[in-house]
Amino acid sequence: MNEEALLKANEALEAANQAMFTANNVWMLVATVLVFIMHLGFATLEAGFVQRKNVVNILFKNVMIIAIGLLTYYIIGFNLMYPGSDYAGEFFGFAGFGLSNPEGAAGLIEYADAGYSYWTDFIFQGMFAATCCTIVSGAVAERIKLVPFLIFCFLFVTISYPITGMWKWGAGWLDAAGFYDFAGSTIVHSVGGWGALAGIILLGARKGKYTSKGIRPIPGHSMPLAAMGVFLLWFGWFGFNGGSVLSADAGLVSLVFVTTALAAAAGAIGSFVVSFGMFKSFDLSMALNGILGGLVGITAGADLMGPGEAIIVGFIAGCIIPLSVVFFDKLKLDDPVGATSVHLVCGIWGTLAVGLFGSMAGIGQLMIQLKGIAAIGVFTFLFAFIVFFLLKKSVGIRVPEEEEVAGLDIAEHGSPAYVGVNQAAFSTAKG
Amino acid sequence: MNEEALLKANEALEAANQAMFTANNVWMLVATVLVFIMHLGFATLEAGFVQRKNVVNILFKNVMIIAIGLLTYYIIGFNLMYPGSDYAGEFFGFAGFGLSNPEGAAGLIEYADAGYSYWTDFIFQGMFAATCCTIVSGAVAERIKLVPFLIFCFLFVTISYPITGMWKWGAGWLDAAGFYDFAGSTIVHSVGGWGALAGIILLGARKGKYTSKGIRPIPGHSMPLAAMGVFLLWFGWFGFNGGSVLSADAGLVSLVFVTTALAAAAGAIGSFVVSFGMFKSFDLSMALNGILGGLVGITAGADLMGPGEAIIVGFIAGCIIPLSVVFFDKLKLDDPVGATSVHLVCGIWGTLAVGLFGSMAGIGQLMIQLKGIAAIGVFTFLFAFIVFFLLKKSVGIRVPEEEEVAGLDIAEHGSPAYVGVNQAAFSTAKG
Amino acid sequence: MNEEALLKANEALEAANQAMFTANNVWMLVATVLVFIMHLGFATLEAGFVQRKNVVNILFKNVMIIAIGLLTYYIIGFNLMYPGSDYAGEFFGFAGFGLSNPEGAAGLIEYADAGYSYWTDFIFQGMFAATCCTIVSGAVAERIKLVPFLIFCFLFVTISYPITGMWKWGAGWLDAAGFYDFAGSTIVHSVGGWGALAGIILLGARKGKYTSKGIRPIPGHSMPLAAMGVFLLWFGWFGFNGGSVLSADAGLVSLVFVTTALAAAAGAIGSFVVSFGMFKSFDLSMALNGILGGLVGITAGADLMGPGEAIIVGFIAGCIIPLSVVFFDKLKLDDPVGATSVHLVCGIWGTLAVGLFGSMAGIGQLMIQLKGIAAIGVFTFLFAFIVFFLLKKSVGIRVPEEEEVAGLDIAEHGSPAYVGVNQAAFSTAKG
Amino acid sequence: MKKIEAIIRSSRFDEVKEALSENGINFFTFMEVKGYGHQKGETHTYRGAVYDVGYIARMKLEIMVSNDFVQPAIDAILASAKTGEVGDGKIAIVNLDEIVQIRTGLRNESAINTK
Amino acid sequence: MKKIEAIIRSSRFDEVKEALSENGINFFTFMEVKGYGHQKGETHTYRGAVYDVGYIARMKLEIMVSNDFVQPAIDAILASAKTGEVGDGKIAIVNLDEIVQIRTGLRNESAINTK
Amino acid sequence: MKKIEAIIRSSRFDEVKEALSENGINFFTFMEVKGYGHQKGETHTYRGAVYDVGYIARMKLEIMVSNDFVQPAIDAILASAKTGEVGDGKIAIVNLDEIVQIRTGLRNESAINTK
């Protein structure tokens, strides 16, 4: 009976561990679907912020990005970003093409210390990967050629994103140096932002945006779509940040929920206050960008901050948004959705904030944060710039002016996003 | 070895408890994100039900409400609503500004008997809080001034909602009296509805709605947005009601899912039948409101009913909707989205239903329910009425007639919600 | 103390089992809400693919379908589909009207081997049920009379779907024969597709679609709505397939996530490649249908495939889509949303794929798959055909031509989906 | 027969319609148009840039009448459409060679349903 | 040269277009307009209140032709646009002083592409 | 007084507006119209079927001017709206019996704000 009790106790412990593993994994899968729906958030946000005539194009790009992102991450990206402990502290590693459940079903619980299964690891990370391209798609919207853009995305998500990601999350050299980026203010958002910046520099502004008489705004065609996008992104961000805990740890995941929500709310207020001060109007598009700024800002340190600190970080991110939007416009860098302000500028801010607020704050950490920002920024910007540059010199990256005027929906897709009331206007078909 | 078995067994028990705590907390966090997305549901529902010219305004309000709601709930609301056991049975209590994880990480599991962590408690409740203002925003849409409305919201969500919430959920006097309101038919929905009623009484109807020749309907500008809103609200309601179990208790949460879903379905049918009987048309807006009516109706007793009872409660709520909409129109109380019918009238019905159906039904309970409805109704209505009245007498609460005619989007935000096909219509910019 | 250890160990084991049960059940409830939101996905997809003048109608149908589906599944469907072990291997069984938690709360954990509770079982299955009608609604859109359609739905979801569902999932004769359909490529999607096919045969094409001069396309009115629908369906599919594991088994659910996501991505690429080859254009509507094709295709064997196999199955499904759409158009079978191509054709493909790829592949299995496809296809098509035929001969199923021209929104609902900018166009009301 | 073309504020549409009706004119065709004139376009703000949309929204009414009705119609419109603010719009009178009612094939005076 | 203005049901648009084409008229400009006349507006229902939207939707065609084509055009429209129900619409003929083709600068008869 | 009706490409709208303004014409009304003529409609693709939408999108400007301004206006439009490609559009001149400014009740020449 003595033996029996021990056996029973062992059985119980294993059952308890399995239960914990299952609960953790459930959370990670929920986080995965939440990150997935961010792609709808990006799609509607970007669709809302472009003109009516370019809506099919932006939707098509968002659909293709997630498809390409998932497939290439399966083939190459995952094993480039997480090459395994052999490459710890390195600049580069690769564990081979494709995926293979390393130990088989029996070993599942050991894979990540009962945090999640191997497949969960892949799919959660895979959902993140495409995000960096989605960020670019918004900034270069309304004038980039479809096929070169898809080629860029393919290279960016397959090569550039996993390499810099490996530096930190794949236990590479920046990780060893002490750089901290909880859920990717730099590794995801700034990376996307640097790609966007390279793109808009090489593409030039949309026709008619910057005139000799000043800026001629090109308003987005649908504020409900844009607002929907922001709410969906915020919704998904609970998975983006909450899942980055990499387990369902009750205290930590819920703290991350609190900091994420409060930073977003403070971002809305910050942007509201500054943009009202600057423009004397209640600008919805700025408030929406402010929320996103707050979210990007808190992402690097969402697990390190208390609620009060999260509010400060988010509020400052929100304040940055209108200033940054105006600044990029001053430079004649045309970004229809504000992706550079939201993801690049607030991504940098959030990464720095880890050195300024929360449990890791300190001058030493701040320096390391700067180092990480610079290293990843230089690599990513150069990579994106070179790819875009080569595409520009070969196939060209910008649609002809007539196509831009007519809109990419008709020019590239032969199909408008909205069809009017009156079908009588249609002639008999040819085809 | 004897000792070893006991140690092992204790370790196993603790691991099992931690696993249960984690599973519970995962559910509560999922419920939190589901309640969060209800704010998108409200935003699209209200945007769909207003005119094209007031869409930016309603979206802006919905964005600001969630931001203000979360921040003030952090600063004051949470500790006013849940002041702690010292104030049990009282009318009022306050545990101080801001939040502080009371015991630190080690104590997390004890916080709510392994149901959820401290931070989860705050963020789940915080998502609820803003709802009461969102309900008001729909009813007063298309004619209220932005800034006074935001001031109202600030006061409503910071003071009024937490005080009446405390009476029941914060273990106050109504809780002691035996009042039951599982997930907030009264505490959330009717409270919002009373605020809405006060607002529309003091604001008056939209220009042109009630004419000497009868009612001139002002149809909402987009049924897809409205339908999307209702589906999202229903979606979120699984978290609203399911999370109100305050743990992941398998039997209870799943029962609540069943009653919630069946009541919503029955609400759609009830509203369909009655509105077809009354108006001889298949009115989508009524069917949508019917679903919401069913959801509000079941909210007070979702854990007390069997599926059959849930269907009856939801069906009756659905039947009430068209009658109530017509009734408020008879009184010339103009409510563009039907918030008073859905949230106030069905909220009262649902709270009463606890005394009529399900495991607590009984004449005594019915009386207590009435008492709770009355007490919270009187307090909330007076609070909202006084605030709106003071605002009316000071800064004014209604936009000038020209602004109402032009639409709040242009008048208050300088920006339309939709921009047409033809950019050529834009002149060169000044700024 | 010996005894104490054993007691403690038993207590711990029970606690661990409860924790596992709770974690499993949390996942199943999350899967339930994900399947629920697919109804919004269908609603927006179908709304986007119809003309502006038929949007209220399609939304109304989608609202009513979910309401009717849930209620009838409660009254009859669930006990027809899962009549219990007494009917194992049979063609038909019925466990009586309504629901009753069989053992009471104490027995909950035993109900499904700790996978989920009784109520969870019902509500998860109930969310699936309405799907088969939603599929039909898209195909017959823009010309079917509302009331006969709702009668069809009532009969289809109450009788036909549960009977064929019982054959496999209710442990009926096909299950005994070894037929495999993990999450319903056949049992849900093809069933819907067969109903759709019967409907469009008996209804005829929309006026003006097939002319003597060729096909005259009738483009959907809103691509953003359609794209939103597809993203939401994909989102929900993680619950549809992931929940079909019927527990939160970490390895299996996460594998299902991976196969589901990769098949969808490959479906987008397959459809993109083939439709670009065929039509030399980047057709968004095809890419969207390609995603859905990939999802339907993987559904039957999502738990049997590795990621590589899932990509092949999804890619082929995507390639099928443009071919199938063109094929149905050749046959003058008019399907505004492509439901027959997506759900019927890819549903068949996915069911066959179980015999071709993955761990059950083999010629014997392929034959059994064919048998299941044929049996369910014949039954469902005949059922649907007879019901539609009787309705056609009695009350009629098609709206009069004038109503089709004017649009069902005005003709059947007296209300347009969108109301224009200018309220001044409204005269004073009569009513 | 004449065609009266009136460009008016949409906020006056109901009043104009009523005023015409009181003068026995219950028939017209209207459409939304954009106007460019004395009154500047609305000022919009978008992402920090202020701009003039370059037009104002107006309604255009086209009313075919027999000659007797021209003056009463003009007077009715003047009385009902005027606010006195810049931007009230214009009325123009165009001569018509012929009018045909499609339903009946009737021409000219008899084709006009002004009574 | 004349301008023919035809207000027709949108459901007859294809037929009218074809009839004009058969008479050698392959050029026109059209737009959606709202009509107010004998035929009452559609009746809508919204949240329990029934109301008349106050207008019916129509298409307006503007066809510039040389004088010879006026009569054939009218006949073609009458034949193709007529349903016999109230609401079929009107045709009006306006005299034009001058027509210029922007592409070529050609004037009058030679500017009209009726052939 | 005349009404100039110009059907132009929307992509030339800004240029035409500027050219008119340089000739002292700062007043007109415009709308979106659909054109059917030499230039074929756009070709769209939807779910595998290629079709012609049957029209091209154009802008129509209506400019009321006193007689002196007719020729300068035509010249300004010709200079600014022309691309030389098929589809540039047409200008038509209609005589006006009368013009009334609603705000002031002023008639004819004094009602036109061309200066």
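Letters are used for the chains, namely A, B, C, D, E and F, taken in the order the chains are written, and counting of residues starts over at 1 for each.
Just so we're on the same page, a residue touches a chain if its C-beta (ideal position, glycine included) is under 8 Å from a C-beta of that chain, and two chains touch if they have at least 3 such contacts.
Every value quoted in this text rests on a predicted model; they were computed, and no experiment measured them.
Graph distance from chain B to chain D, where chains that touch are one step apart, equals 1. Shared numbers divided by all numbers used gives the overlap of an interface; between chain B and chain C this overlap falls below half, so the copies present different residues.
For chain pairs C-F and A-B, the one joined by more C-beta pairs in contact is A-B. Centre-to-centre separation of chain A and chain F, using mean CA positions: 47 Å. Separation between the centroids of chain A and chain E, computed from CA atoms only, is 53 Å.
Chain centres here are Cα means. That of chain D falls 18 Å from that of chain E.
Shared interface positions of chain B, i.e. residues touching 2 or more other chains, are given as 2, 5-6, 8-9, 12-13, 15-16, 19-20, 22-23, 26, 30, 214-217, 219, 222, 281, 283, 285, 413-416, 421, 425-431. Contact with two or more other chains is made by residues 11, 17, 31-32, 34, 44-46, 49-51, 55, 94-95 of chain D. Note for the complex: chain F touches chain C at residues 44-51. Against chain A, in their complex, chain C makes its touches with residues 2-3, 5-6, 8-10, 12-13, 15-17, 19-20, 22-24, 26-27, 30, 34, 51-53, 208, 211, 213-224, 227-228, 230-232, 234-235, 238-239, 242, 248-251, 253-255, 257-258, 261-262, 264-266, 268-269, 272, 281-285, 287-288, 291, 307-308, 311. Listing the residues of chain B that touch chain A in their complex gives 1-2, 4-6, 8-9, 11-13, 15-16, 18-23, 25-26, 29-30, 32-33, 36-37, 39-40, 43-44, 47, 55-56, 59-60, 62-64, 66-71, 74, 98-99, 105, 108-109, 116-120, 122-123, 126-127, 146, 222, 225, 412-421, 423, 426, 428-431. Those residues of chain F that touch chain D in the complex are listed here as 3, 17, 26-31, 64, 94-103, 105, 111, 113.
For chain B in complex with chain D, the touching residues are 405, 410, 413-416, 425-431.
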